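Order of writing sets the chain letters: A, B and C. Residues in each chain are counted from 1.
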């Protein structure tokens, strides 16, 4: 080779070696800004999306909602569901080099239970003791049988942070989170961006094809989509249902969708304070009439362009926990009117509290006009979200529109809402039979037995109807065509292993 | 001079105190329990109580106020309830962003508004004047959030010339930084350009009719000399003071613009904080904005004195 | 959005100035055009209930987001309501928002400004400090915080905007009163022994009204945009009742599918605001004693 060509070859090689430094960056548009980046304190949905890349958990969830290994490789319940033993993955390190082991798990669980600012206390309430039975084995001892714990460990309660960093930073851990996920924390500018970069020592690094992830909170759905179209974003979450058709028609974009595990519902104040003392709160026939006057399929079409699913239970019709004996009712105005007459009210005034975002307002206006035909005169009270929460808790409402983002374990969509001492029981419904059924359902890992109990509880709830379920939204992601490998998951999370760009 | 400035600064103190009382009471009166909003979907009563103690919600309101004021005087503006980040740090993080936006908007307004105003004044009552007025009026009358959205649709989505939202620091990537700021600066600045144009025009008109201009013209000075050296310099005075004041207005006007273009600045910070009941942030931001506004007013007044030879002599 | 007030020297000889002002107004074509726009929309708003348009609240799920056609001249919105009818009824909300907020601002601000300017001393110092405090807070922030505090509704938005705009009128009135206070006729009235209230209402107030009227007209324009802004953030008129601002709030989600939903309310706000600006400008020119 001549000297010139040798030089050129050397230059070329040098340039090629430099290229990996540029790396692939994935820019993801989020609906909101995450709050504190500390799994123990965090309480936002988008926070969980960020953790999916930043913090590994003991167990994860498959797209079919089965519990699969992540930091724990296997687990076993005792026969009476009071002891959970787990074997942990070996060779895992945290982003700061601290090794992951049983001691770390114990430290994390205890942190979730004892850190004063921890929001995980109610999730870990059933754990009375957690101990390391070996370097890579832990044992959870529960106060009372509770199989839903496993699902809790697939979410924030099971996220493992570096005990060293947690000890150093304490409550301000969120300023520099150190976990063991596929990506490590680079920087976070509130309301602007959260930047993570690939962690080379991740235990499954061979499946990570992205070098840098940037999460950008862009609340306006139109602007978020505009960013995707212009190439400033590679993917976005929660595409507005009304944009779905145009994204599908766009050859430069692809979409992924799945029905979510949450639900949309109306909470009726049946026993929460003075405002419960009204015909609607006291007579279940009126509530049933209200429910029958709603055309759930039409709602789905009008508000969500057919992307959502009509429902009448906390679980979607395609969920294994759906009670097939209580199918989603079709609209029946005549029956509704008959029920109302039997209850003694041909016309009834109701105040419906709605969070003042456009989609919720639109949906409730449609409901308003639907139930008007049966004789319900609904007045809508648009309330800011923060106010709506406290009004609901305080019982200062008649009917309130509220969503739940959903939990993997069926217990998570029901227990706290309808048991007598349930922590989020804003309707203050209390039926000892339902309590027994739901508590029993926690006591065994046997799915068939659990289904029986939930079916029975759902039947009772359907008769009393303290909560009128409307349906289940789908999560819709829009992606640039060159982003491949993304699998839609009913919990709404963005899992990055396997995702490639270009 | 210094006595004047000193007196003004002293007078600012009761003003700031009143603002602090107002914004504090407003936060307390806002419906919706911030602690509930803080606690998250699973409401643990133990946690609620802890949070109430930590943020002193159980103390009498007056105590809470004095505790807060005391902390502020020591430079501690509290922490954001949402992310535990210190409010002062947040403010210092967001301020440069809004300042960059406001400066670009002001720059835009100045280079369009002032020359337009001069031309309109000189060519008063001709079609140029009417056109300029019409354009100015349009700028003032369009709701700027509507304009912003229309621009995003046209420029970003359909034409793909500029990014639809976001922000890049000038020091990290100047080109991208300017690209993300062009549309928001235009939206924010066009109403300002309109105001500046109208004020420049009326200021110039007043000056052009003044005696000393007629004298200059009588002396045989060319039109251009008359306009630039004599009229403009004197018309400049109210414009300069107006500019200083308008800068303060810009900070406020940035609120909606930042919302639409998702620019992580002051305005967005405070709107989100009001809706999230992040009271420490709201209180801190309002106080800082007010302080900035008062300082701007002071600068405007000082400039006025310095630039006006008659008043300067009086000092 | 600016709240810079005008500063016009007080008008002293009212009779001849009045007729001169009127003559100048009549000659000012753009001001008349502005007046015409305002009257057009006002009449539309008043006549709304008797006009042959569909019910603005009537939904129709088969006619969702339909483009303008013979059946619906301006198209339909996201739940099938006729936009033309919502525009007409929305005019009432938006115009009322503008006028009532300013009425509140003037109704509270002018008396305080009068008192501050007239009495001076401690009264003046206190009122001025408080006014300055309010002026130092960003207008929209105050409006947002107040509206959030009062609860999202059109009436509360009007109150919030009115209260936020009030300081302007306090400062304007006070400034005017200060320059009028030393005039001969005021001294004369005082020496004759007239009471303070009498002097303020019969002598001072009428002479400081002109710039206040100009400012009020211009502030109506700002208030209409402020209502639209608050509705855009979800704090103004609540559905299903129409107002141009809340119509824009919903329309922004459908810009590519149904651009007409945003066009008409945007255009209407734009026109009305221009109308008030033109009228205000015309009034200012007419009442300015300097220009012949």
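As a working rule, contacts are C-beta pairs under 8 Å (C-beta built on N, C-alpha and C of every residue); 3 or more make two chains touch, one makes a residue touch a chain.
Predicted model, so just to flag it, every value in this text is computed and none were measured.
Taken as a contact graph, with one node per protein chain and an edge wherever two chains touch, the assembly is complete, since every chain touches every other chain.
Central chain (C-alpha centroid nearest the global protein C-alpha centroid): B. Between A-C and B-C, more contacting C-beta pairs join the chains of B-C. Distance between Cα centroids is largest for the pairing of chain A with C. Chain centres here are Cα averages; for chain A and chain B they lie 39 Å apart.
Centre to centre, using the average C-alpha position, chain A and chain C are separated by 45 Å.
Between the Cα centres of chain B and chain C there is a gap of 22 Å. Multi-chain contact residues, meaning those touching two or more other chains, occur in chain B at positions 31, 149, 153, 157, 259, 275. Among the residues of chain A, those in touch with two or more other chains are 220, 222, 384, 387.
Touching of two or more other chains is recorded for residues 148, 151, 252, 255-256 of chain C. Contacts from chain C toward chain B in the complex involve residues 1-4, 30, 129-130, 132-141, 144-146, 148-149, 151, 221, 225, 228-229, 232-233, 248, 252, 255-256, 262, 266, 269-270, 273-274, 277-278, 290. Residues of chain A that touch chain B in their complex: 33, 35-37, 41-43, 116-119, 121-123, 171-172, 174-175, 189-192, 216-220, 222-224, 226-227, 229-232, 384-391, 393, 404-405, 416, 423-424. Listing the residues of chain B that touch chain C in their complex gives 11, 14-16, 18-19, 22-23, 26, 29-31, 133, 137-138, 140-146, 149-150, 153, 157, 191-192, 195, 199, 206, 242, 245-246, 249, 251-253, 255-256, 259, 270-271, 274-275, 282, 286, 289-290, 293-294, 297. Within the complex formed with chain A, the chain C residues making contact are 59, 61, 64, 78-79, 148, 151-153, 234-235, 238-240, 249-250, 252-257. By the touch criterion stated above, chain A contacts chain C in their complex at residues 220-222, 240, 242-243, 245-246, 298, 301-302, 356-359, 361-362, 365-366, 368-369, 380, 382-384, 387.
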